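Here come two complexes built around subunit A, the first alongside subunit B, the second alongside subunit C.
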Partner chain A sequence: MHHGLSDPYQPGSSPVHRLAPAVKLAAASGFVFAVVLLPRGTWPAYAAAALALVAAAAASRVPLRRLGARLLVVEPFALGVAGLSLLQRGGVVVFLALLAKSTLCLASIVLLGATTRFSDILQTLARLRVPSLLVTTLALLYRYLYVLVEEMGRMHRARRSRTFVRGRWFAWRSSATVIGHLFLRTSERAERIYAAMCARGWKT
Partner chain B sequence: MHIPDGFLDARTALAGGALAAAGLGLALRGARRTLPDRRVPLVGVAAAFIFAAQMLNFPVAGGTSGHLIGATLAAVLVGPTAAVVVMSSVLILQALLFADGGLTALGANIFNMAVVAPLVGYAAYRGVSRLWGGDLRARLTGAAFGAWCSTVAASVACAGQLGASGTVAWDVVFPAMTGIHMVIGVGEALITTLVVAAVAGARPELLDDRTTGAGRVGDRTMVGYGALVALGLAVFVAPFASTWPDGLEMVAERLGFAERASESPAASSPLADYAVAGIASPAASTAVAGASGTVVAFVLAYGLARLLVPRGARGPIPRAGGAHGSAPRPV
Partner chain C sequence: MREGVEDVDALEIRHLAYRYADGTEALRDVSFSVAEGDRVGLIGPNGAGKSTLLWHLNGLLPDHPAREAAVRVFGTPVAEPHLPAIRAQVGLLFQDPDDQLFCPTVWEDVAFGPQQLGRQGPELSARVRDALQRVGLAGFEDRHPSRLSHGEKRRVCLAGLLACEARILALDEPSSGLDPRGRRELVGLLKTLPVTQIIATHDLELVVEVCPRVVVLDGGVVVAEGPTVQILNDEALMLAHGLERPHILRHRHPH
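And now, the complex of A and B:
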């Protein structure tokens, strides 16, 4: 499991929360693109970007501890990929620069997620003419993600409490069976969702 | 395999974005033409299903654990076109909501894990299961082999992007990424096959080509997808693979250690012996290592399918319609 699966959104009424989602999305992507395009090793520019980010985080009034915890959860992946650069000559500088850049970008996305509802982001995407099938898929994914994760947790727990696992092969088989049966439930749920959507007048 | 922000240069990020847009656009267009309205909610919930399935940990060794990527599983369960949409949505949500995978690298990540992975996996699955008559054992062999191929193909594309960006030298990143993912691919194949076997055991009609909609994906569409994947690999990997010494020199120059280029930076890495000893040319020995790995993976896939489907139980997958109205089985 790689991200504590709680919705990153932190309700609030700060100026950052009240900003239009399109503006926040544009600001976050602009920030990320700018940081990525900075030449490697321009440390003062990195520091300025970090300062801007800290100012935005302070204005959002989301507890810094929350943002930091989220950042720590996602950081190991950047660390892992950056670690590969240590295997080459002169890799330490590359490693540090990569780490600084990716941390800045991660932090800006963490801040975006903490201050913007995902449904608002979806509405913005729909207004940007992102194809409707993709937006519908994203909306359903977001809506049922937590439902399915919880359902899978219950099935997995029930299975483990009933079977005494002998060795790794059985553990793998029973976990895979849980996933398989989760798909069966998913496809049945999809049929019910389709009926419900039709009843409410949905059309592609 | 999620590339974070800051690891790709602008050129590679743009190329990845263009290829991802082409692949996803092709899939969305195909879905609009062939996906019945009734299946649209399934695509969305299947994306949530893949995301949830990725969170279940499988114990590996010494307290470490791995998890499913799910590209081939998605392609087997909902068909290749929908699988591209499903995997892209998962990656978009992960990038925007959970900061997992970078925003500038989103195109490259979508190309690797949502275009290359499901399409390569599906092509291998469809090829193997068709050549062998489409019974359950052939399908499971195909699913296992497809899952392995898709994991390795995605990692090769990812290594090419990191190499082309000059982030990590190609001859460090290629053996490291591909070598690790040849092993991870075995786990991916095992999970994918066990899940497909569980679905086939309970509701075999769900795997029928007419249910998944895969029957509507013509060979011409598959050729179009294939061309796109090949183009991507050509853009990211060919500069290194075809003119091997030039590619190396280019990376060496960019990283400013051209004077040490004769001494492989990978020599000290634990994966240095990935290339087969005793073959002089590095390109040839890599090719031999890759080919023998593929053969071993195929043999393992077949062995797994035989283990799961004993000789007596070799029936074809029933056609859709028969068991459709049956009550869902309790878990």
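And now, the complex of A and C:
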């Protein structure tokens, strides 16, 4: 069964793919910190960071279009956060700087995700002694995001197959029902998952 | 873990009753036992209480265990403080494989149980490899569970139980969603596994092939129990409980 969610990981054998996940994780977080700490409006520095990122992306041989498409999906969030700064005086410069910085940070994470399996990132986090509760939560999130999207797709299709009228109001209402059902199903599923974890020896 | 006494049943259920929080009575006075090495089919219509019963074998239900446990596994009551030991001995296969496959990769999922039991390093890898091989999924180690077909997910779940080396397998609808070949392989695997099995299913042909003994559950009550061929040939009994005499028996003489 196909579902809408595609894995961010792009299999490959480039030097970037073959780097140890820990190295990539360190590089990406280092990059994010550096960009965040750059003073506002130091455009040459932003450009240098962007250049470094493009070089890494080229070395990874992941099609730039794919990376760009991924980036576009998360860009609205950056836009939203940066947009708030337009309300203040002289906000345009702040807006542009914020937008540039967050885009750079997001792009580096997109590149990390495209060249590193998420399970490898999780294992690295666990080895770095990140609290196991956090790692487990991330792992479950990653696993069940797919199940959830698949379930949503199924319910949505089933609805549509029994929808014979066109009407925005009706569509909205039936979406609301789907979301409500999904919420219920998810909480029931959470209980069963927990039971399944206990059944195989999970200790709390 | 062996009791040393030969006549201790693998599974002993005595006067088991359970009522869900919303008042639904799921099980009423259920009693039967399963000898070590036995394979028992648990059949009955939808809502008969089969899954609820299996959850009890692992101490997942009731939420607040009674003082006197109604279920005993190799003589040990299914209650605190024995639950970790019980769960290591009873491998439970859930009805929906997505509930059971909670790790990011197949390897990690199959390794989850043995890791909780303290296995690591080469021993762990060997167990995982062996378990995946037995369900015919060698080479699937790095796959993401959501990328698998329903049948493959089921087999990974089963591998996760085999890797724990459980002495009792409690399987909830193990053949649902499998294609004919997958089902045939499952039947072959179950017949060769030298462990006690209790199999809740609507797949009566599988019961005939795998289980010498069967327990019929309806409305939370055991309505019949005995040799599979004899019980499943009782057409009146089968129809009265939402079941039917499987085709495989129609072409076979009862004795």
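We take it that the second predicted complex is superposed on the first by the 157 of 204 C-alpha atoms of A that agree within 3 Å, B and C clash if a C-alpha of one lies under 4 Å from a C-alpha of the other, contacts with A are read in each partner's own complex, and residues count from 1 in each chain.
Here is the rule we use: a contact is a pair of C-beta atoms (placed from the backbone, for glycine too) under 8 Å apart; a residue touches a chain by one contact, two chains touch by 3 or more.
On a predicted model such as this, the values are computed, not experimentally measured, just so you know.
Of the two partner chains placed around the shared chain by superposition, subunit C is the only one that A:Arg200 touches, whereas subunit B remains out of contact. In the superposed pair of complexes, A:Arg189 makes contact with subunit B and with subunit C alike. Once chain A of one complex is fitted onto chain A of the other, the partner contacts of A:Val93 are absent, as it touches neither subunit B nor subunit C. Of the two partner chains, subunit B is the only one touched by A:Ala171; subunit C is not. When both complexes are overlaid on chain A, the residue A:Ala26 reaches neither subunit B nor subunit C. Among subunit B and subunit C, the chain that touches a larger number of residues in subunit A is B. By the touch criterion defined above, A:Leu37 lies against subunit B but remains apart from subunit C after alignment on the C-alpha atoms of chain A. Contacts of A:Ser119 after superposition on the shared chain: subunit C is touched, whereas subunit B is not. Judged by the touch definition given at the top, the superposed model places A:Met152 against subunit B, while subunit C stays out of reach.
With both structures placed on the common chain, the touch criterion links A:Leu133 to subunit B but leaves subunit C unconnected. In the superposition on the C-alpha atoms of chain A, the part of subunit A touched by subunit B in one complex and by subunit C in the other spans residues 3, 118, 139-140, 142-144, 147, 189, 193, 197, 203.
Per the touch definition, subunit A reaches subunit B in the complex via residues 1-3, 5, 8, 28-29, 32-33, 35-37, 70-71, 74, 77-78, 81-82, 84-85, 87-90, 94, 98, 101-102, 104-106, 109-110, 112-113, 118, 121, 131, 133-134, 136-145, 147-149, 151-152, 155-156, 158-159, 168, 171-173, 175-191, 193-194, 197, 203-204. Those residues of subunit C that touch subunit A in the complex are listed here as 55, 58, 60, 84, 87-88, 91-92, 94, 96, 98-105, 108, 112-113, 116-117, 142, 144-147, 160-161, 164. The touching residues of subunit B, when paired with subunit A in their complex, are 2-8, 10, 13, 24, 28, 31-32, 35, 37-49, 51-53, 55-59, 67-68, 77, 85-86, 88-90, 92-93, 95-100, 102-104, 162, 167-169, 172-173, 176-177, 190-191, 194-199, 201-203, 206, 255-257, 260, 265-266, 268-269, 328-329, 331. Against subunit C, the residues of subunit A that register as touching in their complex are 3, 7, 117-119, 122, 139-140, 142-144, 146-147, 150, 189, 192-193, 195-203.
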